[in-house]
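Have a look at these structures, which come just after this line.
Next come two complexes built around chain A: one with chain B, the other with chain C.
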Partner chain A sequence: MDIAQLIENLLQSLVAGVLTGSTYGLMCVGLTIIFGVMRVINFAQGEFMMLGMYFTYFCVNFLTRQFGLEGIYLPFVVAMLAGPVIYLFGDLLHRGLLNKVSGQQGSKLEAGGHYAQLVLTLGLALLLQNAGLYFFGSTPVSVSTSLSYTAWELGSPEGISVFINQAQSLAAILAVGVVLIFGFLIAKSRLGKSLRAAADNPDAAIYMGIDVERAHRIAFGFGVGITAIGGGLLASYAPFQPYIGTEYVIIMYAGVVLGGLGSIRGAFLGGLSIGILQQVSATLLPNQLQNTVIFVCFLAVILLRPNGFFGKSGRVA
Partner chain B sequence: MLKLSNVYAGYGGVDVLHELTVEVQAGEFVAVVGPNGAGKSTLFKTISGLITPSSGSIEFLGQDLLAVSAAKRAHLGIAHVPEGRQVFASMTIYENLEMGAYTRAGQKHWQDNLEKIYNWFPILKERQSQLAGTLSGGQQQMLAIARGLAAHPKILLLDEPSMGLSPAIADEIFERLIDIHKNSDISLMLVEQRVAEALHFASRAYVLEAGRIILSGDQDALRDDDRIRQAYLGM
Partner chain C sequence: MLKQSGIFSIISATLLTLFFSLISLEISAQAILEPVKVGLIVPLSGPWARPGQVMRVAAELAVEEINEQGGIAALGGAPLELVVYDAGDNVERAKNAAQRMVAEEPDLIGAVGAYLSSFTLAVTEVTERAEVPILTLSYSDLITSRGFNYVFQTSASGAVQSSGALPVLMDMAESASGHRPETIAIIMDNTAASEAFVKPFFETNILEEYGLELVVNEVFTPPLANATSLIQHIRAEQPDLLLLLPTAISDTKLLLEKMNEFRLGRGLIPTISNGAAMGDPDLLSNMPGFLLEGVMSIVANWSTRGQEELIDKFKDVSGEPWMTQHPLSTYGHVWLFKQALEQSSSRDSTVIANTLRNMTLSDGAVNYFPGNSLSFDQTGKRIDAGILVIQWQEGEPITVFPEREALRSILWPGE
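Then we have the complex of A and B:
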């Protein structure tokens, strides 16, 4: 491989890394808001991403079949809708299940309810995977449009050219948009501030009149809804099956730990870095090592910088 | 306005408070004194709803408080300034005050209250965009009190506001409490280990020992009581 080829490959993977990494970043933000406010590690987060993907898949198919709706932007619009729909699902799950092992009720259990949370969210992950297998089947599907196969080409006189996939670009722009809006909501709105207060000091938040249980429910809804949007966006250019969550939950955790647990900005940058790392390592290393690199990086962060690189651990901001 | 009758309450099924009957009238400044572990903080947590009594009743402005969830009690006009300040460390002073004003009354009177608060505690205005976690102990205590005031409460529960502060700063805080009491119609309920000061400022006091009220009365009566003189005033 000559040097121009190598540079081209690296640039190409950098571009792909930034684009996919933006969507990873969005999903990491979903995970981190749950941890930041509720102190719950949600092992089922990948399955909410999977639900966002299938929601997008079935909605797009339905709208196309029933109403003849078509168009290259349809999957992206539907992916956004996955947010509120999965939010409501999260709201119900919190009321029925998570509520019982976290917050006030969790503090009465052993280890503040963390064992129960572990078992519950792992169980939920398995349940959702198997439900997915039962209802959606194991054949990989995709929601690709012509955008998925269209790219802009950037070329230089030296003959180096880089392709920028259009579906990935649109997904990345939307992901960044959602992160910015959500970050603004958390930083500036009354609701966002009450979530931060509930995360910072739950007892004091109650003294202020903040319903901390409701704050947890909202954070959980937001967290799974945001990750589902990420799933929907990812679905617009990558095929998936019901077990895809397992693969991505590692990516999400790596991103969140890299960014410093609980920090929104950090989670986004963490996810972005993982995306870049994944793509760049794929050009330099054999394909099978792609996820290994993420793991190694994850362990290195835990050993060297347990508070992450981009945010202050434990702070929702 | 606030009345606890025969309240038993504690942690994990073990009562810490026994047969507690305590009352605060509108506009009153009442102190609760007693040694470490007597149950003073537990009393406040019971009033603000973090702890549910095993028996007894609590009435606030004619309403059964036990039928009201903890988070809703703040909206009725109960502001709890907890032991150890408990400010929102990762939020700015201004945001802490905004959280204090989370109650309906607090939102309605936000501008007025903010002005009053900044008058009483000018340092909070100067530092309003500083993170609360980076403040000194005394400043955090001022913020905790200010945050309580921002709720536009009818009663302010103050749990050892002088804890861990130098005598000079503690005096400043007490002076501020007197100002607040004089210039507002907020009732104050103060838990203190600095018994002499507490008895000096409050019009009435309860003495709590091992979870029971062993003595109560107005300022003068308590200051002249031999048991108080020996045990708390060192006379």
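Then we have the complex of A and C:
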């Protein structure tokens, strides 16, 4: 293989990695908010992503059939709406279920409620998967947009050209936008301050008049809502079925741990790194080793920096 | 007095004889008209539920037609009855279903199943012990290489398909484009079906024999997150033939969309796949049909010339846009059992198995499989099982090879 070809292959995989990784990053941010504020490891996070995908799919079909709304950007608009809808669902789940095993009530249980949280979120994952199978069927579906199979071509006089997928590019821009807006909200708003306070020291936050249970509920809603937006964006170029959450939840955890549990910036960069590693390794190594490379790097980071790149205990920022 | 009692005895004896004769006649008539049970063991839940349900529709259609035509004539017109078992979503469940089937239905004369090769391998371990013959479309070479007596494979196995397909593809390429392909690329997932298909390419020197240089050999673990690196290799090497062997719809979509994005799709590189996955109707609900135009697939069975009436009927009953190899073969398998029952005049599953092994069909059920005759060797493998090539043309996968069975002519990409 000549040098120009090698450069082209690497550039192409780098572009694919950045685009894929941006959506991963957004999903990781959702997961890290829940861990950072509530100290809950949510094994059902992949299923909230799946719900975001199906929400986008059904809404796009409904709007197209009932109102004749069409357009290549419609799936992206609908994907953003998945956030608030799944936020409300998360809010209800927290009030009805998670509230009982986390926060003040969780601290009364064995191991601070962690065992119960583990069983509850795993059960929730299975429940959502099987409900998805029952209601949506097992056949993979896709959100229709011509952007998923069209690309911009960037060429150079040396004959090197790189294709940039249009659907993935738009998804990546929106993912970065959501992360920036959310980061700003956490850093600058009163709500963000209360979330950070509830994460840093729940007891002190209570003394300061912060409703920690409400903060946990909001964090859970934000966490699942943001991951659902990531799912909706992913749905614009990848097919899915009710079990898809299982495939992505591992990537989300790897990204969050790489970046540092509880850190928004770290989670996004962790997810981005996973995307880049996944794509670049496939160019240099056999394709089957794609996920192996991710987990070798993951283990290396765990060994060298147990808190990840940006992680600090009890941090949400 | 004695004379009177003698007459009375004779009358009584005659009446008793008549009575018992009538009872025995009734009992034997009931036995003859007792339904003949055929099992169907396919996935009806989990990720493969849809193809399983379509196979069930085809089996029910065949049973309905057979019963409408008078059932099994050799058994006094006994009707066929389909007993259905759900093979589920994993090998263990498929095996459990087979165990339930043979335990609950001791008078089963045979069964059809079990969709995936891995399921068929597990199910046939049970049916072999129970001495129940099973007819299958599954491709794996292992199915008939274990010395089993009660399994019959009506399809060409994976290895036979690939070694049989290569000369066909070379000839088709040469006659259509004027030159023989010199380079070939393989992109495949690491499932058993894909591995079995490419095995002869790596274990024999078949590629060298046909003057083909393997320029890309990429294996991926499904599901793909992104097909960029795979298709970038194709773009860099520009092979004359591309063997694209995904088995999941999601991977097929990502690969074909990426080919289009990289300006390699829509017939620029002749793309050949294997199996029914590339002709699945669900592909059209995941991607626009024009991205599939020209893509070919090597299959063990598909709709061919002369089956138009059946296809229309199946489409009406099932609502499917076309009949893929799975429902077609399942339909044919039920008719194959009907012919074995007619030939053997027996409800004994071992007799049915022997009949299947020894019969040579040139009409009837053979019409639902490629080739002009149908017979099995001692291992249960179909003798001279042929292959078909299908190609996406105008939004539908159509049989284009062999010519005698083709519904349309092949359109070689780049022609």
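As a working rule, the second predicted complex is superposed on the first by the 313 of 317 C-alpha atoms of A that agree within 3 Å, B and C clash if a C-alpha of one lies under 4 Å from a C-alpha of the other, contacts with A are read in each partner's own complex, and residues count from 1 in each chain.
We take it that contacts are C-beta pairs under 8 Å (C-beta built on N, C-alpha and C of every residue); 3 or more make two chains touch, one makes a residue touch a chain.
Source: prediction; values computed, not measured.
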{"item": "Fit or clash - chain C, chain B, common chain A", "value": "fit"}
{"item": "First (chain B), second (chain C), both or neither touched by A:Ala151", "value": "second"}
{"item": "Contacts of A:Pro286 with chain B and chain C, given as first, second, both or neither", "value": "second"}
{"item": "Touched partner set for A:Gln105, first chain B, second chain C, both or neither", "value": "neither"}
{"item": "Partner chain(s) touched by A:Asn307 [first = chain B, second = chain C, both, neither]", "value": "neither"}
{"item": "Chain B versus chain C as contact partner of A:Gln5, first or second or both or neither", "value": "second"}
{"item": "More chain A residues in contact - chain B or chain C", "value": "C"}
{"item": "Contacts of A:Ser194 with chain B and chain C, given as first, second, both or neither", "value": "first"}
{"item": "Touched partner set for A:Gly209, first chain B, second chain C, both or neither", "value": "first"}
{"item": "Where chain B and chain C come nearest after superposition, their Cα distance in Å", "value": "37"}
{"item": "On chain A, positions contacted by chain B and by chain C", "value": "none"}
{"item": "Chain A-touching residues of chain B, taken from the complex the two chains share", "value": "48-50, 69-75, 79-80, 82, 86-91, 95, 98-100, 102-103, 147, 151"}
{"item": "Chain B contact footprint on chain A (complex, rising order)", "value": "190, 193-194, 196-197, 200-201, 203-212, 312, 315-317"}
{"item": "In the complex, chain C residues that touch chain A", "value": "46-50, 190, 218-221, 223, 225-226, 228-230, 232-233, 236, 248-250, 253-254, 257-258, 260-262, 265, 282, 285-288, 291"}
{"item": "Interface residues, chain A side, partner chain C - complex", "value": "1, 5, 8-9, 12-13, 15-16, 20, 133, 137-142, 144, 146, 148-151, 163, 165, 237-241, 243, 247, 278-279, 282-283, 286-288, 290-291"}
